[in-house]
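Next come two complexes, and both contain subunit A; in the first it sits with subunit B, in the second with subunit C.
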Partner chain A sequence: MSAHTVPNPLPHSKGGRTHEPFWWSLFSAGGVVAAFVMPVLIFLTGLAGAFGWGAAQEAFTYDHIANLISNPLIKIFLFVCVSLPLFHCAHRIRHSLVDVGLGGIKTPLAVVSYLSAAVLTVFCAFVLLRI
Partner chain B sequence: MGTPTTQRTIKLEVFRYRPEEEDEPTFQTYEVPYREDWVVLDALNHIKDTVDGTLSYRWSCRMGVCGSCGMMVNGYPKLTCAAFLRDYYPNAIRVEPLVNFPVERDLVINMDDFMRKLKAVKPWIIRKKEQPLAEGEYRQTPAELAQYKQFSMCINCMLCYSACPVVGREEGFIGPAVLALGQRYNLDSRDQGRAQRQETIFGHEGIWECTFVGECSTVCPKDVDPAGAIQMAKVQGAMEYMKTLLPWGQRS
Partner chain C sequence: MKPPLNRNMGSTWWLSRGAYFLIMLRELSAVFIAAYLVFFLICLYKVGQGPEAYGAYLRFLWSPGMILFHLVALAFALLHMVTWFNATPKAVRVWRGEERVPPALMIGPNYAVWAVITAFIIWVVLK
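Entry: the complex of A and B
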């Protein structure tokens, strides 16, 4: 017989299922994009394109870029590049604000943070669709 | 205290709290002989044995194994048996009880809450059905051992609880060492108790409270890397959550 059948001794303050994994998944996916894709994009558009380094001189003409962005796959790519880091930031800001002592208004903080990210995500989709 | 001039000394500012005598904690300064090979615990033992027998603190092994001598040394959670005076000399050393715990007396903290959380994660091998003794031991390959070995090195010293800001502000947070220990058993090939630890590790007060500050892994004297264990568990937990969102997924 197993002696290890003690009941869970912690009082369950909050029951039910947590949805934190959902926000955390967006956070970590956004972190990956921000860490690996963003630097490349910043280099290409902000440095190489802006200063016309090497092949970037021809690649960054208006026509070429407009043509590129009208491709649906590129739109999806840009959408992911913008929206995921937005949720990454929202999550980080939400938790940092709790860390600096705003724990008393946790729920409003979460709502405002994620709602901002959601609004900006919708805006991003809107802009991309109009191109 | 008359010390010969040839004898080098070092000052220890020690947190004192005797609830039957005083309402507020105070600091008491002791001057102890300075020795290259002394650790803070040696200095405390010197005080207790020769200067002031009323000083209370916990210790046992003096070699970083038992996990009982954790204190704040100059504001940093440390095993006092591993904190050498020479790393602080000639400055004074401030010794306080571990933060984020109620103080019982002097340097002794109350660890009831930690013990309650520790028990909640069921840190032992759980089998659906124990196999009869005659069938021998549960065997494991070196690769299976490697899965959890690092997380099994924890000595329950609670330094990580003092280092963690989330432990400080969320009373219910299960905390680094206990979550790492939960993973230690969940990752053990002999264990079948994952479902019983689900609520404690993956519930509201478990891994999701962690904001990946990472201080727990910095202060850990045993290189357990509780922050790593928690991040691993988050990836697992997130995958499981996503599965429940699928139309054919099971909502638990």
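Entry: the complex of A and C
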């Protein structure tokens, strides 16, 4: 592919290789996961449990929750539910901060955002493997 | 030659129009989802530490201030869900023969799948 004939689709980028597609794919996958599971997770752990609605009182006892999380399938599910949305959030927060005028510290913002998501993802794997 | 893109928009452009404000609200959902995930991760960590640590953390997690946080986080999670699902036809254009599949037909199934997943997760946790 010749770089001279293909117009640069991103007028503000310098062209050439960029890592953006990689982060965007994580953003996109995380956005899908968050859309499907975040409302029900927040509802269950933050509200149903707190108000003891229905069977929620029983469900959040230590034995029941520890037993639930010890299931390998649930561990994989929880890992996906935490890690991908974290990268989604990191991507959104980074771009929004640039859009409200922090373009001057674009690179440090990107590093801090994705590094936070990566550290929390590793922590999540560590915590789940220990249970 | 195209004129150079003006990148200097200042920091309050999103207050100038309702549609821009809604975009910023949508972006803000990421802050609340990330914050929720941090609290959720700590909860998983406390489960690993044992019943006392878990019980103590639940008392914090279900305190009035945190219930308020979860209510706001839930509202933002729903905003993310609606804006994400409704953007599906913009992200993927599906054609059936010469005709484009109508946007509503692209959006609808998302909500159906969401309802099934939500019901399934509630069933797994509460059963």
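Just so we're on the same page, the second predicted complex is superposed on the first by the 115 of 131 C-alpha atoms of A that agree within 3 Å, B and C clash if a C-alpha of one lies under 4 Å from a C-alpha of the other, contacts with A are read in each partner's own complex, and residues count from 1 in each chain.
Note that in this section a contact is a pair of C-beta atoms (placed from the backbone, for glycine too) under 8 Å apart; a residue touches a chain by one contact, two chains touch by 3 or more.
Bear in mind that the values here come from a model prediction, so they are computed numbers and not experimental data.
J.: Applying the document's definition of touch, where does A:18 land relative to subunit B and subunit C: first, second, both, or neither?
T.: In the superposition, A:18 contacts subunit B only.
J.: Now for A:49: first (subunit B), second (subunit C), both, or neither, which partner does it touch?
T.: So A:49 only meets subunit C here.
J.: When the two structures are laid over each other on chain A, which of subunit B and subunit C touches more residues of subunit A?
T.: It is C that touches the greater number of subunit A residues.
J.: Who does A:103 touch here: subunit B (first), subunit C (second), both, or neither?
T.: Both partners, subunit B and subunit C.
J.: Which subunit A residues are contacted by subunit C in one complex and by subunit B in the other?
T.: Touching subunit B in the first complex and subunit C in the second, residues 12, 95-96, 99, 103 of subunit A appear in both lists.
J.: Which residues of subunit C touch subunit A once you look at their complex with the stated criterion?
T.: Spelled out, the residues of subunit C in touch with subunit A are 2, 5, 7, 9-12, 14, 24, 27-31, 33-34, 36-38, 40-41, 43-45, 47-48, 50-51, 54-55, 58, 61-62, 66-67, 69-71, 73-74, 77-78, 80-81, 84-85, 110, 113-114, 117-118, 121-122, 124-127.
J.: Would you pull the subunit B residues touching subunit A in the complex into a rising list?
T.: So the residues of subunit B in touch with subunit A come to 116-117, 119-120, 122, 124, 126-127, 130, 165-166, 169-170, 172, 196, 199-200, 202-205, 208, 211, 234-235, 237-238, 240-242, 251-252.
J.: Could you pull out which subunit A residues touch subunit C in their complex?
T.: Residues 11-12, 31-32, 34-47, 49-50, 54-56, 58-60, 62, 65-66, 68-69, 74, 78, 82, 85-86, 88-90, 92-93, 95-96, 99-101, 103, 120, 123-124, 127-128, 130-131.
J.: Could you list, by residue number, the parts of subunit A that touch subunit B in their complex?
T.: 1-2, 4, 6, 8-10, 12-14, 17-22, 24-25, 28, 95-96, 98-99, 103
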